[in-house]
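Chain IDs A, B, C and D follow the sequence of writing; residue 1 opens each chain.
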Amino acid sequence: MRAVDFRLTQEQGDLRAGVRDLLAGRYGREALRASVEAGGALDRGLWRELGAAGFFALRLPEAAGGVGLGMPEAVLVFEEAGRALLPGPLVATHLAAGVVAGAAEGAAVVTAFDLGGALVTHLGEADAVLGAPSLPAGEPVPSADPLTPLHRVASPPAAAQAAAYRDEGALLTAALQVGSALRTVELAVRHGGEREQFGQPIGAFQAVKHLCAQMLVRAEVARTALYAAAVTADAGEAAGAKLLADEAAVRNARDCLQVHGGMGFTWEADVHLHLKRAWVRAEQWRRAEEAQELLAAELASAAT
Amino acid sequence: MRAVDFRLTQEQGDLRAGVRDLLAGRYGREALRASVEAGGALDRGLWRELGAAGFFALRLPEAAGGVGLGMPEAVLVFEEAGRALLPGPLVATHLAAGVVAGAAEGAAVVTAFDLGGALVTHLGEADAVLGAPSLPAGEPVPSADPLTPLHRVASPPAAAQAAAYRDEGALLTAALQVGSALRTVELAVRHGGEREQFGQPIGAFQAVKHLCAQMLVRAEVARTALYAAAVTADAGEAAGAKLLADEAAVRNARDCLQVHGGMGFTWEADVHLHLKRAWVRAEQWRRAEEAQELLAAELASAAT
Amino acid sequence: MDLTYTDEEREFRARLRDWLGKTLPELPAKPSPDDWPGRRAYDAGWQRRLYDAGYAGLHWPVDAGGRGATPTQHLIFLEETERAGAPYVGANFVGLLHAGPTIAAEGTAAQRARWLPPVLRGDEVWCQGFSEPEAGSDLAALRTRAVRDGDDYVITGSKIWTSHAEVADWCELLVRTEPVSEAVPKHRGISWLAMPMDAPGVTVRPLRTLAGSAEFAQVFLDEVRVPVANRVGEENDGWRVTMVTLSFERGTAFVGEVVACRRTLGGLARAAKANGRWDDPVLRRRLGRLYGEFGALWRLTQWNVSEAQASGGVPGVGGSVFKLAYSHARQELYDAAAQVLGADSLALDGEWMLDRLSSLSYTIAAGTSQIQRNIVAERILGLPKGR
Amino acid sequence: MDLTYTDEEREFRARLRDWLGKTLPELPAKPSPDDWPGRRAYDAGWQRRLYDAGYAGLHWPVDAGGRGATPTQHLIFLEETERAGAPYVGANFVGLLHAGPTIAAEGTAAQRARWLPPVLRGDEVWCQGFSEPEAGSDLAALRTRAVRDGDDYVITGSKIWTSHAEVADWCELLVRTEPVSEAVPKHRGISWLAMPMDAPGVTVRPLRTLAGSAEFAQVFLDEVRVPVANRVGEENDGWRVTMVTLSFERGTAFVGEVVACRRTLGGLARAAKANGRWDDPVLRRRLGRLYGEFGALWRLTQWNVSEAQASGGVPGVGGSVFKLAYSHARQELYDAAAQVLGADSLALDGEWMLDRLSSLSYTIAAGTSQIQRNIVAERILGLPKGR
């Protein structure tokens, strides 16, 4: 007899560990910093390896050449990608598997109009835009996130174009945010344990300790919302997960920077990469006010 | 030569000290707790003494039997009243001086429709309602603040009735809030220095220390806004002062309660009296969203 | 990750729902908040009905007289009783959730036999004597002194924040049986006793809270004699015994409240629709955000229960994470309620303000948020202790 | 309380406004952010114009070559130059606001004569060598060692967060002249030196910030010889000498920025009106609130200046209160900007994001918010130090 059990199954735990190992080996800190210096240019070889590992085809049925797993497994995989700051239009390409040729295998890079306007990520390297009939022309603009190149297209499509993918896109993006939020807790705790000031590790000061504790609280609440939404596929839960995950990723990166002090303000520290990417993801698929309105509508209908 | 000088003049300092002494002698802790047990019933003798001391007639011209001082002096006096948790419709009666017979001398108790609806404070003991032709009938309702009895009137007047007094009412109420916010800093600091846990005063722990520091920051910023608004008589500055003072009074009372721990949760501690009164005042004359909208309108017109 | 219920669990829920539907209409009228004997009788009556229907001590082990239900069944029980508006555990809180589980885990066979059945039947009420005026967050600094005299301890001191002291039969009491010294740190030298509340020398003085009610009491102990046989666990080992109880408190004690908060949020949405403030996006999105947050907290409860299920029933420090998030969200809920109601929130004839006042204790009681953050930082994250 | 200006002050403002109106159009084009020599030349040119017009060292004492203006006049100067969009102090920041005032207060007549006039004329640029990689918040833990050798100190160590190091002529350097020991606590044994940046053994390595620019540098010192005559203040008394400088930093250094923030807020309102988000009450009220807050911060600046005026020019710990409020408000301003711009905030072709990135340092630089809260709690509120 199995009861309601939130914990990961053995298979899920193995999947997560496998992805973490893969990324640690293939996209460690050196690779990350190389991406940064390359302005977020994608490594097509890595993209194909991700495809071969099932990153994009994870939820395609086995009959269609996919891995045949579900959203709970997908969010675990994307959480790891968020931890590792893996660049690229991961969510859009994953959603394009089975829709755009080559996406499932990692042969194609697929982006999306997920920023709700004229800006598109990774357009310069994309083979397709999810739901768009052809690749639109765009002018590159300098991006706040060194790992996310941006283009501005002349005539963006109607907002409806990415709508069909919005719930799933938001949820997978929430998974990236949760991974980042958990990672910045680790970075803050590690720095707090190592950096000494006034004769003791700064992590021994309550001010730092309590910042870190609240970081963990945010990340864990968001993670729980994420996993639950992945299991239930409820639109309200997905919106809640995106909202909480956006807050957790952004706030945690900010607090992590604060714990790092001046060191956190340098280009060399990874903190700013988490913060900038969290800012980008917060604008993708479903912004905070959209999530709040969706939740308010659910509340209102549940309350009547 | 005098330059721009924010500091109090000698006369202003003396006025404040005088009011503080008066209230310490006439409305100390025993009197306060007696008011609480009496459900906020007013001491008419004290009301007349306040009148005799110029509390209500402060800004009436000397020719009209007043003290002939201005708003900067009035906010100092009201700040002291806020510190002491002095009960009664102080603002409405002050505004009624020269308008309602007996208000200036403290012979009359004047309340106002300053809660923007059907609720009126101290109606049961009031001789008049500011701007209302006659004393309306009302049913007493149990009040969240033991020092502020509430009545609900059957047919409240149009919101416009108290409008003429709104800017000044908001500013004087802000002064009460600032006084309360400064007082709760003192209470928290005193408790933090006295209460020992884990072998040291709790005020030596960063968690408590930093709470207290932020309390002071809130109170000082609000106080500055208050004094400036009192000098300039600018409607936007008055709205800003009310907004910041409401936040400071409520948040400081909350943090003061947190610093006091379980003791702060008791009826015997004064903390809850500050919190409940701050909640009442935040609803009076100009609520947060009204102040924000007024400020936004000023910003928009300044920006064009 | 599996959030579907088994057939057995669905059946359990259906039976319970059915029983609640039949039983709740039969309950007597609720007593007034100040009528302590009436409240005790009401709570005892409800507990007796639970007992007779086989729901008492649902999550207690079978050998302690419980039903040995899984944590998930316990969760279903709390969810359904809250949704149905069933009475709260009330006067039986300490017996069922603190003292009882402690005795079940640490007591002798005789102690279990003496104290557990009356708790399950609702016949005996327990209160808690842990905190002292000078020992709040620093609970281990407690000073109430127990001196051995033959087969008795003779106890002098005082306790505070004791709920239901006026009507309790027993008090789970922490006392110092060994003075603090160089050799004995404060966490040592504490013992756990079951004290009869009618023992000579026990004086109860009600303590008024900021909500104006006397939910708590101070308990003064003047040479109270308690038999040594009433000690649970070894002498001087009471701190460890207590931690078992406290981890229960921080683990699953808020399940019903999260359900209640979601219900409150629904009422708030209805109130906002009725008074027109729902049209203000500031307020609407604030409520939407809270709806998302309490949804997540409900899932976090399930998560903690899953963990407890796997670890054999004792919730871990994860309860601190939950409590930090929950107590903040709950206070934010009532701040939002005040925004919905505006000035009407100041009139106590509304239903919200008393709950708002109570919620002020959430960041203080059962370990302040500051203490919880220390626990999370040191025990979960492994940050170093300060000098 | 008197917020009206005297005739003299009004006249000062009118003259300054007139001069700015004539002078600013004559300025050369601004150099690019990465062109350090160009930036230095630009800043020097501006300072020279100020000098020639009689505005250099406005608030410095007359006997230090300044104009002996009142703090209010200084405030008017900062307000008007910011409103007019005049150049920032830039490369002359340390000379005019840190090192210069320190030398004016603590230096000998010869030291003042040597170092102050070139600062006022914009001829010499200073940088600051205080922080070290291992001594950030705990500045007094600095390790850079100065050993006396005849008439020189021989200095080895490294400094970090040094702005304008690439183009500076002088560095105000804190060094340890007495090792820390039982008898010598870390605040003792520090000395303040003026180090020529072209001295052999000085290496400057640019430090890239998260905004992608090299605003700071690390400075490595390898047996650098600095004459003992370059020491300001007594040997081992540098901590006290430094505190004079730092209290300047925390007191009035942000005046221009508050004016700039209010201007930014106006631009934000225009942007929100243009893209339609002004119609969203959530955003509109957020901006309204910020407008109120920055209004209050501007008044707090005036307050601090009034206090400084009364106390003879040295700002007190009240600067910590201001900095805590201001750094939080400034970060909130850019968060609000991101909400106004939505996804467009991610494109660095907009004007906001670089400012947003810079604002992240506000709760860290010149004393983290945590350190500021300690200062407020201990020095203003008198709370006890922890063990």
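Structure notes:
One rule holds for everything that comes next: a residue touches a chain if its C-beta (ideal position, glycine included) is under 8 Å from a C-beta of that chain, and two chains touch if they have at least 3 such contacts.
Everything numeric here is computed off the predicted structure, so don't read it as measured data.
Averaging Cα atoms per chain gives one point for each, and the point farthest from that of subunit D is the centre of C. Distance between chain centres (mean CA atoms), subunit A to subunit B: 48 Å. Taking the mean of the C-alpha atoms as each chain's centre, subunit C and subunit D sit 53 Å apart. Each chain gets one centre point, the mean of its Cα atoms, and the points for subunit A and subunit D are 38 Å apart. Among the residues of subunit D, those touching two or more other chains are numbered 280-282, 285, 370, 373, 386-387.
Looking at subunit B, one finds that residues 205-208, 210, 289 touch two or more other chains. Shown here, the protein chains touch in all possible pairs. Those residues of subunit C lying in contact with subunit A across their complex are 1-6, 8-9, 70-73, 75, 265-267, 269-270, 273, 278, 281, 284-289, 291-293, 295-297, 299-300, 302-303, 305-307, 309-310, 318, 321, 324-325, 370, 372-374, 376-378, 380-387.
Taken together, the subunit D residues at the contact with subunit C in this complex read 280-282, 285, 386-387. Considering their complex, residues 205-207, 210 of subunit B touch subunit A. Of all residues in subunit C, only 131, 134-138, 141, 160-161, 207-210, 212, 280, 282, 338, 342-349, 353, 357, 360-361, 363-365, 368-370, 373 touch subunit B in the complex they form. Listed in rising order, the residues of subunit A touching subunit D in the complex are 115-117, 119, 141-146, 148, 150, 152, 196-198, 202, 205, 207-208, 254, 257-258, 261-269, 271-272, 275, 279-280, 283, 287, 289.
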